[in-house]
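Two complexes follow with chain A in common, the first pairing it with chain B and the second with chain C.
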Partner chain A sequence: MDDMVKDISTQEIKDTVLIDTPQNPAFCRQLKKTTNARICIGRAGSRFKTETLLKFRADHAIAMDAVWSDVDEGLIDRLGFFKVQTQVNNKEEYIRRPDLGRIFSKETTEQIKANCIMSPDVQLIVADGLSGYAIDANLEDIFGILTDGLTAKGYKVGTPIFVKYSRVATMDKISEALNAKVTIQLIGERPGLATGESMSCYMAYESSSKKPESQRTVVSNIYRKGIPPVEAGAQIIHLTDVLMREKKSGTELKL
Partner chain B sequence: MQESLLSVGVDLGTTTTQIIFSRIYLEDKAVTAVPEVKISRKEIIYKSTVYFTPVLSDNRIDLPALKNLVEKEYLKAGIKKNDLQTGAVIITGETARKENASAVLQSLSDFAGDFVVATAGPDLESLLAGLGAGAGEKSKNHGEAVLNFDIGGGTTNAALFIDGEASSTFALDIGGRLLRLQKDGTINYVSAKIKDLLVELGLEDKIHPGEKADFADLHLLTRTFAKILYRIIKQLTLTPAAKKLFIGHECGPFELPLAMISGGVAEYVYRDFTPRNIEDVALFGDIGPLLGSSVRDYFSAHGMQLQKPKEKIRATVIGAGTHSLCLSGSTISADESVLPIKNLPVMQLSLEQSTADIEKSGKILQQKLRLFPDDLPALALAGTAAPSYSDVKTLARMIAENIPVQLNQPLVILLEADFAKALGLTLKRYLADTQIICLDRIKAHDGDYIDIGRSIGSAVPVVVKTLIFTA
Partner chain C sequence: MKLKTRLFDQTYSFRDVKDVLAKANEEKSGDILAGVAAQSTVERVAAKAVLADMTLEDLRNNPVVPYETDDVTRADQDAVDEKAFAKIKSLTAGSFREFLLSAAPEEIAAVRGGLTSEIVAAAAKLMSNMDLVTAAHKLPVTATCNTTIGLPGTLSSRLQPNHATDDINGIMASVMEGVSYGVGDAVIGLNPAVDSIESVSSILKNFKSFMDHWQLPTQNCVLAHVTTQMKVLEQTDAPMDLMFQSLAGSELASRAFGIDVSLMDEAYAMMKEKKSSRGKNFMYFETGQGSELSSDGNHGADQLTMEARCYAFAKRYHPFLVNTVVGFIGPEYLYDGRQMIRAGLEDHFMGKLTGIPMGVDVCYTNHMKADQNDLENLAMMLTLADCNYIMGIPAGDDVMLMYQTTSYHDVAALRDLSSKTPIAAFAARMQELGIMQNGQLTAQAGDPSMFQGWEK
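The block that comes next holds the complex of A and B.
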């Protein structure tokens, strides 16, 4: 292994103090815990050290990779999702044309209607969004607790749907096609430096393209270092109860 | 959401009794649909006079006088018992070792309010005093370890803080009132706790009740106390008699921290007053002022600077009133009908990461539960990372299979990692008829006891305490 180059992206910037001779290294580490900013990194003359610069570029690359990554469809198949695609044809188009990422062709809408349970209490949708990695990292845990929990509560749970090249608004189209009460969409978040694994959940009661964006209730930052996927799942089940009871969602709802 | 809790702190010490009222403000800082209730601010709204602790002639605590005093202070502060949501009555120093201490504590905590906890034990006292003195905060803000000595009448309680957290606590029989004397120097009382030390110093014939004390002898004694504290902080060796002053256990090794002093004696550490004769010493009928000036002189003569505490004589009562409470995480699972819960013993179970280990821990759980034949203790699961869903299920099944449901008691689970709502939900499927309280972001250990209050927003207040009269 000695002749291998170390993978700089796996190293936690938070644990490394790069100042040459820190007076109080313990305090530097303590300070670093309080912020995500890259502090206590030292310098070479007036510039970054090589290691800092490389780490920065590696972290940026994680964000870039996440955007261009595809969701592992093996996982999607194993969990029994019905798979569809928006009007987008490839990743380049997905990035350039957000509008196409919100709509389906007529045929796709018909397919959804023909293959999925109609009028469910709860419709679950997974969308790749801006990070396929986020779905790969979190889906299995959150899907398990969601389906078990919602079923145990006696809800009519719809056929889970996976949407490729999807923006958030596809949930409105699916809800309208299937006449769902509560729609839950799990979507890969726009990646940040070194965080490509964060997933969001958008929920709405009678989700509809005629309603404003404020119809949606949001749980974000779902990943191992944010709100853990199992705990997010339990909170989403709780929120489903609230949405079903109040028959509304988003800003109309006083939580 | 912005809510507040009214909290009381009562410190029943060897020498003095004090009461404070404070308001603890809570705020939901959620930006999404996941609540995040945090303590946003603490404000001390009333400080009582510092009273002498009422003691009967047979050395028991005078409960009626004490109740009277507490009642008077509640009236003066304009606070009714029913207004209080939380707080702590702490019995400290030598007072905790009096014959009727346990009864007094219980009666006083009921008298003080419904959800006011009774606490004692030198380690908890050390922790609360250090937090009240500001040693915890200082260690967090300055990046250096801080050791606080709270020197009271009967005991000195030490707590070492690193990055805001207490890393160790210990206590010693060193205090201002271990020797009491009259204005003319006649000694009234010498605590048996310092007998060996007096022998070691060759003072056993000169310092005992009835004898007139010599200034130089008292000074030798207080200088020796100061020297012991200095040598502890410097991790230097102690004489056999000095070692015997530790209560319960000695202190572990640590790196040289900053030193801070609180407690009644600290009033004379941080003041420019040096007793020159017996009359100066006997200001309060004890050796407190002389001990304070000895500590100041000894530390400065040896080049060790003392950090200024935020509170001196009031450190413990402020610690009890404002630092005894913590909040659970905000995504939890709590059957409100069984709250509040008081004085529940804690049983710790280390949470292994792999499924096989979780199954193995079922056996350990059953064995440990035999120590609690009549009560179902709170299960505290350590471990900082939330497990996968399949491990949550394994864990829930393991717990459901091994707890004695026939006791028909609520099941209380305390997690360190953030997955209480997930575990609570999953447990409910296995234990449909059991009332479940599953909380996270709580650290508790074997031997601790907990109190859990009614929910505030989506969190619940929790007091983790080391119990009452273990020493």
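The block that comes next holds the complex of A and C.
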């Protein structure tokens, strides 16, 4: 690897003190352990050192690319999802018009009804949300666990649906169309710096557009450095049991 | 009042004052989302021409939310100094713009009391970016808590030591790093991850003890919900120099924030009695274009006019700090760097014209088409406009709120570029601590280990 410039993307901010001559380097290292904030980074005059600047730009770049990336539909097809699209036509419109990302056309709603299992106990939805990378990175690991686990528990599992250009609220529309009991939506989170892979799971019992957002139970930060997808899968199956038993979700549920 | 004009052989007519105000705005994705924006570039200019011809009296008489149904409108209208209003009411918005650009600062200050939000918004809509900087530059606003902010030649900063879980050691690590860059003269203010009485009071105490130990002349604040801070005042002995709340521009939108005018009146009265700070200004507010639409409280008005109404709301409480969090809300309201820069300049100008000590959180999120270069551009423009303060955060990366704002380094560089300093008392203390010399960072600056052992 001698012909390669150092990979700045894999470097952990927590590990390095970049101050040239700190009064107490050991104390600086101790401070770094307490926070993810980019401290003890030193300076070039009043500006960042080159390493700090490039690391920041790399972390912003991956976040930006995650927002503008599309989910790998090869993966979606392989896993047997039924694919639909909201009223949004392209990524730019998706960003500008959150209202259109929450609804389907009449035809799409009819297609969902015609092609998917009606009245499932559990309806699984995957939505691109604000990060296609998040779905690419986590779906394969979590999908098998969820479908196997839920089927093993004897639940009637619905046809998995993939929604392109989707906001969280599409889960209400799908639940209403299919008369689902528990709806589980996996969606790409709005990326933070360097965290384009983070996925959230929203769950609701009889998910409905007539109910407030507080109907939803959330598991967030699903990715390899947060809650690993395998672990999140087990958590979601457990929550499904709770929602089915209590017949409610979100803030109404005292977990 | 005329609501029609002709441009390039086409007639443009508008429904009412609210429609003219909305269509006269520079392009913002939030106004398009709300369905109130001009349909074409020429229609936008036509609306500006109609607006320029309206009198300030027309604007005052047509608030975008009716007086009868909205407590923010009432707060704004009831506060008007009728004598000052009488002097300017027959001016058109176009000639008012020229007045702001040509009059002496004291002449402008003399009519401030006669303005309402719609008048302030109209002036912003008729100005170019450089107009906004030029006019704001003439409208200094000072305020006094423990120290005095907004004096000529100063550029202050809020030290924002946010932490994902409110770990006190992690928070204090960012505080030490920030002060070592001369940051924190406006306030040491945390956005808490945990909105509880216990946690908020403990953080306030830690900030105060750090300030006392190192004799830092500044203010402490934890930006929890106002009702939490009221409980902290009632139930604990935690020192609170500044009380915080996010504001919106209508009663409906305020409700989404869990507040209204009467609750804020109550909070203000309680703070006046129980605060730990000395001066007459002890409130801190944040705002931002688009928050009214996001809670369906915009009443069909544009986001700039709704933002101006936040400042009228803020003015009622003689704040020490007010800042717009300009690019936090996301691209459906401010799409890209261009819109973010425009909104930052507008908000700062409108705050200053209203008479509040305005700062700006120059920021963006990762789903906006904006980057650090846009942020730096706006921060430099605002420094030229004499913005009271900006934020300072480690490398501009907020690890709790997941957005990017100005860094400790940006604060230092902007002071260098503009020959501005922190608030005098803070600057003097920085000199004693060996962090600054004649307003510039010393070789030792930027090393938090100089503060080792403060907790003892």
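Annotations
Methods note: the second predicted complex is superposed on the first by the 235 of 255 C-alpha atoms of A that agree within 3 Å, B and C clash if a C-alpha of one lies under 4 Å from a C-alpha of the other, contacts with A are read in each partner's own complex, and residues count from 1 in each chain.
Here, contacts are C-beta pairs under 8 Å (C-beta built on N, C-alpha and C of every residue); 3 or more make two chains touch, one makes a residue touch a chain.
Fair warning: this is a prediction, and the values are worked out from it, not measured in the lab.
When both complexes are superposed on chain A, chain B and chain C end up sitting side by side without clashing.
By the touch criterion defined above, A:Ile135 reaches neither chain B nor chain C.
Shared-chain residue A:Ile187: touches no atom of chain B or chain C. In the superposed model, A:Thr35 lies in contact with chain C only, and not with chain B.
Residue contacts after overlaying the shared chain place A:Met199 against neither chain B nor chain C. Once the two complexes are laid over each other on the shared chain, residue contacts for A:Val67 go to chain C alone; chain B is not touched.
Contacts of A:Asn24 after superposition: both chain B and chain C are touched. When chain B and chain C are set side by side, the one touching more residues of chain A is C. Once both complexes are placed on a shared chain A, the shortest Cα to Cα gap between chain B and chain C comes to 9 Å. Residues 24, 27, 31 of chain A contact both chain B in one complex and chain C in the other.
Of all residues in chain C, those touching chain A in their complex are 29, 32-33, 161-164, 167, 169-171, 173-174, 176-177, 331-332, 335, 365-367, 371-372, 393-397, 399, 402, 404, 407, 409, 412-413, 416, 441, 444, 446-450, 452. Those residues of chain A that touch chain C in the complex are listed here as 19, 22-25, 27-28, 31-32, 34-43, 45-48, 52, 56-57, 59-60, 63-64, 66-67, 95-99, 130, 190-193. By the touch criterion given at the top, residues 30, 32-35, 140, 142-144, 163, 331, 333, 385-390, 392, 417-422, 424-426, 429, 440 of chain B touch chain A in their complex.
Every residue of chain A that touches chain B in the complex is listed here, in rising order: 24, 26-27, 30-31, 140-142, 144-145, 148-149, 152, 203, 217-221, 224, 227-235, 237-239, 255.
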